[in-house]
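A, B, C, D, E, F, G and H are the chain letters, set down in written order, and residue numbers restart from 1 in every chain.
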Amino acid sequence: MLSIASKLAAQAHRLLVTRVDPGCFAQMKEQLPEAVYHPLARAITINRLSHLPSRPGVMVVSGGTADLPVAEEAVVTAELMGNVVDRAYDVGVAGIHRLLDHLPQLRRARVVVVVAGMEGALPSVIGGLVAAPVIAVPTSQGYGASFGGLAPLLAMLNSCAAGVSVVNIDNGFGAGYIAALINSIGEAGEDGEEQVQP
Amino acid sequence: MLSIASKLAAQAHRLLVTRVDPGCFAQMKEQLPEAVYHPLARAITINRLSHLPSRPGVMVVSGGTADLPVAEEAVVTAELMGNVVDRAYDVGVAGIHRLLDHLPQLRRARVVVVVAGMEGALPSVIGGLVAAPVIAVPTSQGYGASFGGLAPLLAMLNSCAAGVSVVNIDNGFGAGYIAALINSIGEAGEDGEEQVQP
Amino acid sequence: MLSIASKLAAQAHRLLVTRVDPGCFAQMKEQLPEAVYHPLARAITINRLSHLPSRPGVMVVSGGTADLPVAEEAVVTAELMGNVVDRAYDVGVAGIHRLLDHLPQLRRARVVVVVAGMEGALPSVIGGLVAAPVIAVPTSQGYGASFGGLAPLLAMLNSCAAGVSVVNIDNGFGAGYIAALINSIGEAGEDGEEQVQP
Amino acid sequence: MLSIASKLAAQAHRLLVTRVDPGCFAQMKEQLPEAVYHPLARAITINRLSHLPSRPGVMVVSGGTADLPVAEEAVVTAELMGNVVDRAYDVGVAGIHRLLDHLPQLRRARVVVVVAGMEGALPSVIGGLVAAPVIAVPTSQGYGASFGGLAPLLAMLNSCAAGVSVVNIDNGFGAGYIAALINSIGEAGEDGEEQVQP
Amino acid sequence: MLSIASKLAAQAHRLLVTRVDPGCFAQMKEQLPEAVYHPLARAITINRLSHLPSRPGVMVVSGGTADLPVAEEAVVTAELMGNVVDRAYDVGVAGIHRLLDHLPQLRRARVVVVVAGMEGALPSVIGGLVAAPVIAVPTSQGYGASFGGLAPLLAMLNSCAAGVSVVNIDNGFGAGYIAALINSIGEAGEDGEEQVQP
Amino acid sequence: MLSIASKLAAQAHRLLVTRVDPGCFAQMKEQLPEAVYHPLARAITINRLSHLPSRPGVMVVSGGTADLPVAEEAVVTAELMGNVVDRAYDVGVAGIHRLLDHLPQLRRARVVVVVAGMEGALPSVIGGLVAAPVIAVPTSQGYGASFGGLAPLLAMLNSCAAGVSVVNIDNGFGAGYIAALINSIGEAGEDGEEQVQP
Amino acid sequence: MLSIASKLAAQAHRLLVTRVDPGCFAQMKEQLPEAVYHPLARAITINRLSHLPSRPGVMVVSGGTADLPVAEEAVVTAELMGNVVDRAYDVGVAGIHRLLDHLPQLRRARVVVVVAGMEGALPSVIGGLVAAPVIAVPTSQGYGASFGGLAPLLAMLNSCAAGVSVVNIDNGFGAGYIAALINSIGEAGEDGEEQVQP
Amino acid sequence: MLSIASKLAAQAHRLLVTRVDPGCFAQMKEQLPEAVYHPLARAITINRLSHLPSRPGVMVVSGGTADLPVAEEAVVTAELMGNVVDRAYDVGVAGIHRLLDHLPQLRRARVVVVVAGMEGALPSVIGGLVAAPVIAVPTSQGYGASFGGLAPLLAMLNSCAAGVSVVNIDNGFGAGYIAALINSIGEAGEDGEEQVQP
């Protein structure tokens, strides 16, 4: 993976490598000193474009603390694509009032990424609170009848809120990418970037 | 089924027959004129005990209109076992404020039966709002990736609220029965009743 | 369903009822003469807003002829929500050149709904051709190892193209609704509408 | 997990941490000398309330020796919530007379937690012997067609005894918590506690 | 099927046709006046051998009334193969004492066929009570999380009693056949028979 | 496990411990010098009964070399229960003539245990060649669409040969035990033995 | 379907319509008098090419009588594509000698289509007997743990014979088509044909 | 495995051992100095036949870089069986134009092996571009809803292109073997070879 990343890094303005452990980053850092490691997201980014994130509108919400790495992967992805991302973490459905405290923020978002494991109910609740499209990300957190994330995946596909679409289990990158695509509608086209996923 | 029900009816003080269509009830009515049909619940009851339902504490909540027959089956069961049942229907998670309007009622309940199809999220939200035990009933309503109720069943088993236990898909009878058992704790023992399920 | 629809129709500016067979529409027509039946989509719409669809940007693509009802359900939904919808049907991946003929159209779209059964490959191919977000709809068409649409559902969730998110099997309504949400970004908020799904 | 537990411990009167291995406890012990380790349950508790467990009525039953850690997790949970717990272990259905020896105990219980792997039959047999509600816990013990506990989970959901509800595979904590909720009915409300589950 | 059965009947000393509805039997009766219909088992037999069933040792046990047709299919099969079959029906595990009443009978059997739906627990309980081999038959009776008999099938395969082997869902014929094979051990070889299964 | 085995060994005439690795046996050997290790079967036996295996009639057949440990577990079990066991290994269905070379042996057996992974076809072929009951054991050998032995398990349950019943995946012990039960029919009852399975 | 078929028939030299019931054919016959109905295969063909089937090398084998329609669909497809097809039906693995009687035929084939339901073992046995490629077709015949053909599908994918590849459940058309492609290797290219599948 | 391979190597003209890690090869090299290791394919070959690969016509195509080991296993297998193999790697469906660049090559092939993970769409696209038979190999690459390769396996079985048949997940050997069988049609029969798969 290291060599693929190096090759891509030689050519691209921006680079995102997901699912990287710290040891692997240490090696890469020697070859690519401009690489930045995001420990929560377990991702590396390189951004040679001078401008900083500047487009508001993307919000990333997650249920439990265990869903955090996937949520952060979505954040890092959307930021690299030029978005300022608003976060609300640890607002699972079993404490609905903590979620409702974020209502003003949620209603300002143009697109919401919702990351949840367990029963996968958060996207439905949020889908009922906002008019923006919701990108739901099931996580493989959980045990027993979670079956590696199958439980929240099925729940999200059966969401009773109409504006919810779903990506693969643990696919924070995909959700962040789609959110960035949606948030850029009405603006000049995105320039391409490269992704390496082990 | 008719003959089984008739035999049981000859012996029992109370009788509950579930999943009965109106045509079948019409036949039974001739033989058992005291039988009562509950069209929403699709259930027949006979109650030869003089007393009316009198024990408050059971609440039955459901998500969509399609879940109503299962919810009513739970209500009829718990009523026959001597409970006054409080209802809150059509309070799915995509309209969380409709649910929150019922908060005072929910907090008064000693046990809550929650019936939901689709993503099966309602028991988790309610489990986070009340201190009472929650009996969750997944329904086979839905289509596609619901897989006959598998989606809400798995969601409920993975509930992030700690007080939730689950019964079989569409098993309104079981949930009402368990709610009645729980609600009778601290009182004199239940007298047995008979159930026929086709 | 008829009575629910009638009640909703009394209050709403716009109404969409999906999965309606022609016989059921005939009955409804008597009570709601302004109702319009879309036979391919098997949907009824009522639109009391004076303006016609006017916002371009949504495209709906489908693979085989059997996927047509689901694709049309997406079209009718997006149209009712104020969009002019571009269609490309019968462009399955086994005839890739028929799809490539639509490339200029595809690249003009701001959001693409892709409906496919069988191996569910079409969203990946289109996701690789456009920079717009792709809403993938698996269909239950097929037999044997399709397992009621499970095969294209899993395929779409594992899409190697990054901009693809997925809705439930046969959920044309959801896909059209999300496409309309996305296409309205940067415009004044949507006014609510009602949907009844049997 | 250690740091989360420490933070929670600073605030709570009672604390339960499940699925802790001995090495992890050794570290925690230094920071929280009042922490108690329950090696069979693999759980840590802190109880700063002066009173000891005092409410009888909860019974925990298990099938095989392999189910013991899950059963003990239920016991520790219920005890921390103020219950004196009665145990009957190693009374699987293939030796029905060993189970029947516990009949007087079983009939005294107000709520019974039943932990079983393999064919998951124990809750049905006990459900037929007692009038109390039964909380069934499938375990992931077993091999081959157990599929990680799916076999006993499905069996318990299909129990022919009417008073059985089910929690997630290996979820001893949830079962003990629900049993404590049920056993406290008719008493003053529970004070909240915290749980950390890795 | 009728023509296949007729052809076989022309050649065989004994014939068994399973899963026959009464209408189909009426037609067959005209051509094969010696055919006997077993309405509970939904099976037809022809036995041109002069001797009646005479070999004791096979017992067939079933849980609920809904399992009766499968149990009777096993009985009819074993009888046609020369066995006197002992029955114990409606002895499900939720009423364990009804089962224990049959203990003397069970201990006399050389091989026991156990037919059960729901949680499929009966073979384990019986396997713990007898030293004879147990042939377990799951049935497709049940609903919801039974998944067409998958629940009892998995339960039986995971039986904690060592002497239990399993046949396909609803395969009463197979179980009766194997029981007859086992019961004939130590005697002269079986003469072949024909079976037609639609 | 070691301590359980030691306790059992103190009481029993015969003992079987399955799924033991050589290191674990080395430890046990010190405490129980009479213990015998069967490396292929990965099992330990202790037999304090003076008599050697003496009852012929059990045959164990396996498909591939990878199925050998499960087959040997069946052999060791049946031998400990007093049977002389006939073996035929590496006779998979893709080389049908190697299997047919064993026909005389197969036809002499009173009961046949058939162990197979991959497509699980061997029990059907053998079931068509012999009149004896066949106990089929699927193995978890294989990869990909074997799904841990699900493929041969389902194949064996659907066997087109009528005399085949099935035990759990990799359950060589169960198959050997049932074979011994069947082979002892017509003789004095088995004395009990103990088994420990980790 | 009728109108699609008519349109295709206007343009093509050869046409195959699969899964047609006799009533539907009767209607089509009026419009397309040259159409031929194959009742066993439930297929319609039109062949306007003057030449008759002439290329030997394809053999179609099936297990049970219930698999016959799928086998005949393969035959009709391969014949329409110019092949003389050799058949061997009703040669299931439980009667291995009936299959071995066809060995000379099997060894002459250049490609063998093998159709089987139940345990799906036939392709493995044949794959071990011939050096030609084997195209395996699982059928949905069977009940219970067949799960609509899943059992033979998994078995065939796990075949221990190396030359076996698999098509979808009941896909006789696909198997016949692939067999024809393979058998035409080394000859002039196939001319295209049309297929309509409802 | 080493000893099995050595024994086979003593007898065979050609030998293929798959799924070998480098350490294992190092050991084997000492005993079999003529053995060749193919690191990408993780396979060892010995070819004592003097002639080099010489028969053109087999092409192996793969989607992502992660599918490469399986693709190379197919290549090594087909080469050992006397074929010159044409490769096109990293031509996944999300970059359809990279695939179309290989069209002349693809159209020259007599049989195409297509290796793909993720959504498994590549065989359908290629099946629509060529008249040659396509052997599809799903890989276990991917995560989440890939379920160990189930997603591409189901996709390939449901391919809308008619000439596609499928082998087990990751079974590069099987695909290369079948391709070689097909490519040798019309030539002198293959001489046998041995394969060892751990």
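Just so it is clear, a residue touches a chain if its C-beta (ideal position, glycine included) is under 8 Å from a C-beta of that chain, and two chains touch if they have at least 3 such contacts.
Fair warning: this is a prediction, and the values are worked out from it, not measured in the lab.
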Selected from F-G, A-H or E-F, interface repeating A-B by over half of its contact pairs: F-G
Most remote chain, CA-based centroid, reference being subunit B: H
F-G or C-G, whichever has more C-beta pairs in contact: F-G
Subunit D against subunit A, contact positions shared by both copies (same if over half, else different): different
Between subunit F and subunit A, distance of the C-alpha-averaged centres to the nearest whole Å: 51
Subunit F and subunit H, separation of their C-alpha mean positions in angstrom: 36
Subunit E and subunit H: spacing of chain centres that average the CA atoms, whole Å: 48
Contacts with 2+ other chains: residues of subunit D: 144-147, 150, 153, 157-158, 168
Pairs of chains found to touch, sorted by chain label: A-B, A-C, A-D, A-H, B-C, B-D, B-E, C-G, C-H, D-E, D-F, E-F, E-G, F-G, F-H, G-H
Parts of subunit E lying in touch with subunit B, wherever the complex brings them together: 65, 143-147
Complex contacts: residues of subunit B adjacent to subunit E: 4, 138, 140, 148-150, 153, 168-171
Residues on subunit G engaged by subunit F in the complex (per definition of touch): 63-64, 92-96, 100, 117-121, 124-125, 127-129, 142, 144-147, 150-152, 154-161
Contacting residues of subunit D [partner subunit B, same complex]: 110-111, 131-133, 135, 153, 157-158, 162-168, 173-175, 177-178, 181-183, 185-186, 189-190, 195
